[in-house]
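Contents: one structure, followed by commentary.
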Amino acid sequence: MTKKDLLALLEGVRDGSVAPDEAARKLRAAPFEDLGFAKVDHARALRQGAAEVVYGEGKTAEQVCAIVRKLREGGARTVLATRLSADKAAALAAAEPDAAYDPASRLAVVGPLPEPDGAGEICVCAAGTSDLPVAEEAARTAEALGNRVVRLYDVGVSGLERLLAHVGDLQRARVVVVVAGMEGALASVVGGLVDVPVVAVPTSVGYGAAFEGLAALLAMLNSCASGVSVVNIDNGFGAGFLASRINHP
Amino acid sequence: MTKKDLLALLEGVRDGSVAPDEAARKLRAAPFEDLGFAKVDHARALRQGAAEVVYGEGKTAEQVCAIVRKLREGGARTVLATRLSADKAAALAAAEPDAAYDPASRLAVVGPLPEPDGAGEICVCAAGTSDLPVAEEAARTAEALGNRVVRLYDVGVSGLERLLAHVGDLQRARVVVVVAGMEGALASVVGGLVDVPVVAVPTSVGYGAAFEGLAALLAMLNSCASGVSVVNIDNGFGAGFLASRINHP
Amino acid sequence: MTKKDLLALLEGVRDGSVAPDEAARKLRAAPFEDLGFAKVDHARALRQGAAEVVYGEGKTAEQVCAIVRKLREGGARTVLATRLSADKAAALAAAEPDAAYDPASRLAVVGPLPEPDGAGEICVCAAGTSDLPVAEEAARTAEALGNRVVRLYDVGVSGLERLLAHVGDLQRARVVVVVAGMEGALASVVGGLVDVPVVAVPTSVGYGAAFEGLAALLAMLNSCASGVSVVNIDNGFGAGFLASRINHP
Amino acid sequence: MTKKDLLALLEGVRDGSVAPDEAARKLRAAPFEDLGFAKVDHARALRQGAAEVVYGEGKTAEQVCAIVRKLREGGARTVLATRLSADKAAALAAAEPDAAYDPASRLAVVGPLPEPDGAGEICVCAAGTSDLPVAEEAARTAEALGNRVVRLYDVGVSGLERLLAHVGDLQRARVVVVVAGMEGALASVVGGLVDVPVVAVPTSVGYGAAFEGLAALLAMLNSCASGVSVVNIDNGFGAGFLASRINHP
Amino acid sequence: MTKKDLLALLEGVRDGSVAPDEAARKLRAAPFEDLGFAKVDHARALRQGAAEVVYGEGKTAEQVCAIVRKLREGGARTVLATRLSADKAAALAAAEPDAAYDPASRLAVVGPLPEPDGAGEICVCAAGTSDLPVAEEAARTAEALGNRVVRLYDVGVSGLERLLAHVGDLQRARVVVVVAGMEGALASVVGGLVDVPVVAVPTSVGYGAAFEGLAALLAMLNSCASGVSVVNIDNGFGAGFLASRINHP
Amino acid sequence: MTKKDLLALLEGVRDGSVAPDEAARKLRAAPFEDLGFAKVDHARALRQGAAEVVYGEGKTAEQVCAIVRKLREGGARTVLATRLSADKAAALAAAEPDAAYDPASRLAVVGPLPEPDGAGEICVCAAGTSDLPVAEEAARTAEALGNRVVRLYDVGVSGLERLLAHVGDLQRARVVVVVAGMEGALASVVGGLVDVPVVAVPTSVGYGAAFEGLAALLAMLNSCASGVSVVNIDNGFGAGFLASRINHP
Amino acid sequence: MTKKDLLALLEGVRDGSVAPDEAARKLRAAPFEDLGFAKVDHARALRQGAAEVVYGEGKTAEQVCAIVRKLREGGARTVLATRLSADKAAALAAAEPDAAYDPASRLAVVGPLPEPDGAGEICVCAAGTSDLPVAEEAARTAEALGNRVVRLYDVGVSGLERLLAHVGDLQRARVVVVVAGMEGALASVVGGLVDVPVVAVPTSVGYGAAFEGLAALLAMLNSCASGVSVVNIDNGFGAGFLASRINHP
Amino acid sequence: MTKKDLLALLEGVRDGSVAPDEAARKLRAAPFEDLGFAKVDHARALRQGAAEVVYGEGKTAEQVCAIVRKLREGGARTVLATRLSADKAAALAAAEPDAAYDPASRLAVVGPLPEPDGAGEICVCAAGTSDLPVAEEAARTAEALGNRVVRLYDVGVSGLERLLAHVGDLQRARVVVVVAGMEGALASVVGGLVDVPVVAVPTSVGYGAAFEGLAALLAMLNSCASGVSVVNIDNGFGAGFLASRINHP
């Protein structure tokens, strides 16, 4: 049951087209199945073809596997499991042989990647090598949700020529995701080079007065370039997910 | 000269289609005109028909008027002037009789509003009455950039029935802007009700441990709903600008 | 010696009904017994039948066992031991065979649970799976203090339908405990749905700008719903204890 | 329409006893009346006899007067208007001759105080003279909501004898509200003397490292006494409102 | 060379009573001996009979032993080594058989304790069991510097009767050291009960919004009782050292 | 009734030498007289001859005058009124012709200064000209409490020769009060030059990253010199009061 | 007496070439002249020809004029007065007819500007129009200390072409001062373009999460470009002063 | 390709002396070589003879070795590898036999140290023994970049005589690097003693209210001495690098 279905149901009750008891039955039954330890949320399937998402942090390997199984039995073609430690990923691979795991971003994709069906490309830029795990989390999330992704890595502002050598890629994108720690200046520079939405992801890369990503977070919130918005520190998944929404009108 | 023009020029120099001295001449001449106190940035005209933007804070009435004049002489049909105090607005109205000023949001629109040409509607939600100035800044910015805007005001989460009575409006939107102070919970609730990008604007409304918008800012950055990103505290302009970019693929 | 006893004693000295030396003797002797490493505080027995409480953090297994023994010898029917690591719990189970330990909440209940004798039910809501240890600490504390508890788990605001499916439970409660990390919005939404006191517990669940529970804490303190108060981050015990006090007029 | 009415209506739709269109009509019509600038929220009437509440901050005198009028026309016997500046209060007094205004707490009560009908007394303690405005806001709110209130003022912990001279008052209360700035220690000391819920209100009284109430807020959240919960800095209204809910089972 | 000696020397150079080259030679030679890794600071011997102090953190066992040896060879009767891990303490005990180590406070005293020669007693109060390591660091430091120390432990303000049972001890002291974590209220309560200097030591005891001692630190800095000053979080040594200075006019 | 009297009374009740009702009567009557708006606290008279203290902030001119009157009628020879605005000081001067007011420190001394009777001198150092108001508050408070005070002003560490030119004054003192804003380094330098207690007062002098005194506060709490303790930002009164207690064994 | 003189004097005492009493006499007399309210610090004259500096904040107009007079009588050719309000500047202009005041930077230069004698040029870059007062404070300070200054204003990173159009100026400089508020990214971009020291000045320009310059400060401290160091928020004087020191080997 | 080369190239394109396609080819080819995992940045070679720098944090041993190899093959005589753990250093030593590793500062120098060719000496001061790793990182970085370095260690301000005994060394330096944790006062004291640029490095040494270097950072930013600028907490490399730039005009 997608959110649209849910809202349609509620509207139906209100306009009389759906009987209340029918609606109540559906409401209780549909949106989640109870596995004892967690409610499997079927409502997150946004479009035909895109992946379902399982958030792996704080769940046991058994729980992750059970939820993935349930989702696939419920018809999901592709399932994305995030924040998955290596041992949980191993358990998942044992249970679902077509699971592909990336240790850097700690993402697993179970099932085939969907065909890209977004309006354009998503460009993921990362400032430094240490930002790559978060950047990959964004990029792979976007791919699993049906987007074509272009990666521009190691293009931090202290070597502007590296970024300028790729203005064409930036120009072509429908959305740009900027991943940067330390002073997070890349978001402003990219924001000044493009005319499309920029999703900025501060990372906890840096030390001392970086304060675990606070410096980059504040910098990005105060970007002098218009068209930049910010997600939580290290939230590559959130950036990829949002970029996909922007790219799927 | 739009940014696309600029980047095309640089590409031209590289592929040999533009003579270097020609490019250099254009580069120095085009992107800004020097008025002595400020460079008028022609590069911000994003699309045909949308408004040019003048940021009013920290400029004198004379400076605002001169820049607006220059932009209109340069061909701008509509000019948006933001963060304009009442007296600067009065000076502007004297100079440009077709200027329309909204005291709450401190925005002035000079010239006719462009025809909405975005992909869909932008829905601007505000939690409380005190959040209206920021919400209006977002809504009017979006309108001046060529968007159809639906306003849902006074729909804070402590009275959920007020929000739920308008699910249809939320559902129809291509983008939702959520404006809220205090605990900023509206962003998460709306984020859970829609399948489109949500741009969250924390406001400095509240007292004590609201810490001038910090509580709402942190809450929005940590939203449990996916698809939510955040702009600076009280940055209604930024939210409206970004929403317009999302709505104009 | 309960606090009422203590205050009565002080009043007695003042009104002459208790001889000063008698009072002084009682005062020194009664409220705590010295075990060398800690004073066993008999004053925490609030009502007949409810459990005594031992705070396990920072005490050795031997100390916890000795205090529990002392309390039971002093007549306590039920003893609640909080923040108990697994190995301390094992030591306690060896010493007190009727001890029941919950590893998630790190609580042990020694002796039978008291009959619920509160005015109504306490409803404990938790936003996500990761909040369960704190929620269980609140729920089990309340049960050990003589309350009937209803649990509503995994009802975070990004899936409002899950919460709305249980309005009946919320409605029936005499007190609601809301446990949530990340942006803590659940407290405001629940606060808007009920007419009874809401005790909000921010948890350290989340990452990045959650700042170990700070985001949820600030959000809850700024709740736009009236009737909400807040305890320390992750303080499930405090919430359950307070809810019990509200439920036992 | 009280919240109970609202929830009953929703249940009615679900169990079929209320026709959907009837419910939809009521849902849109009932909970608020649109005055153009604000929705008058009838849902806040909690019990027969208690006051309706109008939050005065950020509203014009005209708006406050119009809302109060509407509420009285809707049947409210008593209306409480909070955070009211002196000039707004004067306008209100002109419009509603039976309005009584307290400049210190900036509260106005329009109409007769209801008869106290709570389970017991509410004791409001304040540490210092500068805390009185917040303490009075709590005390008068509680009175307007139908509670008997006992005030213990100027009982800060640096002069313990002043507090101890009133243990009887503390002992008799069903709830205690503790209002304190600076180091906020009074909450812990009172929390150790009573067996009932303590609602702590940090105030912004103090200077330097008091950081506008932050020191007292943190202290109260970390109270070593069980049974203490905290509301926002200077939120006397919230404390009085919550205390009333605890006192009206 | 004590500080008085040093200052006298400088005065001597200025008034001509000491030849400059003589002074220069002394200045370079006297105050510290170079062991390669650290300058042994002989200047910290404050009075005849009191202990020399070696700060153990960040030094290897070998370095601590070498410095202690040097000091004793230089005439020190008693040496106090602080912040010493168990293995460094073992190495020290092997090298100096008369070293006495307290694992809780991580202090070692090498040589005999000096006879108390202060003006009066130092009373060290601690709020809870978890504060004892810091309290012992203060108490043992004071003893090693020639003070008589009275300990009042587990006298937190939530059980006021425990503190009041010992007013006599507080009354007799020349200085009171108050050690408390969590909300740090004990400093204010003690400050209100005595007429002598109170040295407050916030501890990192607590969790969540205690923020590693910040809550107690702010509370103590804002104490409503006069005569209270504060040292760094967990700085038991600093408190004992300062109390000794107050107690040795 | 001094605190010693109070504690003696409590002891008396306990040992039987004081009848309980007699004690209760005294307890209620003695320590404060009710003026309606404030309890006049007679307990603050610490020694024969020293001044009583009235804290002026948050009290009206009438209230200050009434309290001062009451204290003098109660036998106080000297009264110190702190944090007094110029107009309150004028009102006080009208009521008490022997009041002497210092506008910089906002202190008024009513009646003759007591003869210095402390053990030694108190040296008050200030880093810069802007720190003088706080330094004078400390110095005058100490004088009003019976201390001889030596002032060393404008001796900030960036011009070390100015401080070193006065080592003799520092050496002679029984206590040193160090007042400094900005980076607060003076406390550490002075702490390294003397063998007596140093009371450090951070001031809110500075801008930007001084954060209203936070930089100096943190620096002083982390002083590498032993024997330094800290009071609240700008709390000159507290420093002078504490220094007097150290100087009056 | 310059600092070199002072240090030479101290060395002289040590090596015997200066008689101690002679040195003591000079030490007391030389470095400052007492005007009652402030010590005139002659030690700040760094080189022949450069300006003396008077910090105007917290001094009265009379005090500023008196100090300037004294300095000129002492031989200073040029005096720089900083942080001077308009009315103090007017008083200074009345007293010293050759004073030139810049209202934006609140700097006055009294006497002729010295001839530039530094090793190279100092380039001062500013991101936005609102940063100009701080940038001018830096530029004019450097000029008054004998430096040639090149200004690059309004070159924020959101319009990279404006900065790149001036790479030649950046390249030629011996030091670059970067002045920026909001996200402070300009420091990193400039730091990546030059091979000379960059002095970064965060400004308090911005709103909301700029937190009065904190965002820019943290960003600059975390600059990914090497060779960047930071001074206090809005400290244009400090940056100009330091740049001059770098430029005068 | 140095940055100067890069900028010259861009200028060349503009003035026509370089053919655009030639420039484009160089631009893409020159500045970095792609090793798959990282772009080797040749642009950091600042002068003939000075070392290339590899930042070791977040790179595997294999990656560090490969980059070092590449740089040497590209002609680098000396390579500096920073933030290198012991095992990475061992791998490097195996690959490059002429690598010299310092475990304290975690720096490795591969190849011969360059001859000092700076304008003067760099003096590196450290306050305490625990600050040495950061101080050594600064000192060795400076040496690898061609500077003569003088070390003044263990000269914290609490023992001023230790610092004053070395004024000659301070006086002779062209730049001073000050490394200090805790309260960071050494930067201000040194800043007052010298006439040359001071680069201050706060360290995370300290505990409690040192807040991982925040106290020292704020203190240094607020230094009352002019001519002091600050780099990130523990950023010894950055300080040494900047000092070298100042020392190489």
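By letter and in written order, the chains are A, B, C, D, E, F, G and H; residue numbering begins at 1 in each of them.
Methods note: a residue touches a chain if its C-beta (ideal position, glycine included) is under 8 Å from a C-beta of that chain, and two chains touch if they have at least 3 such contacts.
Predicted model only: the values in this text are computed from it and were never measured.
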item: Higher-contact pair (C-beta pairs counted), A-G versus D-F; value: A-G
item: Farthest-lying chain, centroid of Cα atoms versus that of chain A; value: F
item: Where chain B and chain G are represented by their mean Cα positions, the distance between them in whole Å; value: 38
item: Between chain C and chain F, centroid-to-centroid distance (C-alpha), Å; value: 43
item: Approximate Å spacing (C-alpha centroids) for the pair chain C, chain G; value: 59
item: Separation of mean Cα positions, chain H and chain C [Å, integer]; value: 54
item: In chain D, residues with contacts to at least two other chains; value: 159, 193, 208-210, 214, 217, 221-222, 226, 232-233
item: Complex interface listing, chain B residues touching chain A; value: 2-4, 7, 10-11, 44, 46, 53, 119-120, 164, 167-168, 171, 174, 193-197, 199, 217, 221-222, 226-233, 237-238, 241-242, 245-246, 249
item: Parts of chain D lying in touch with chain E, wherever the complex brings them together; value: 127-128, 156-160, 182-185, 187-189, 191-193, 206, 208-211, 214-216, 218-226
item: Chain E contact footprint on chain C (complex, rising order); value: 6, 27-28, 31-32, 37-39, 41, 43, 57-59, 202, 204, 212-214, 217, 232-235
item: Chain C - residues contacting chain A, complex; value: 128-130, 154, 159, 161-162, 165, 205, 207-210
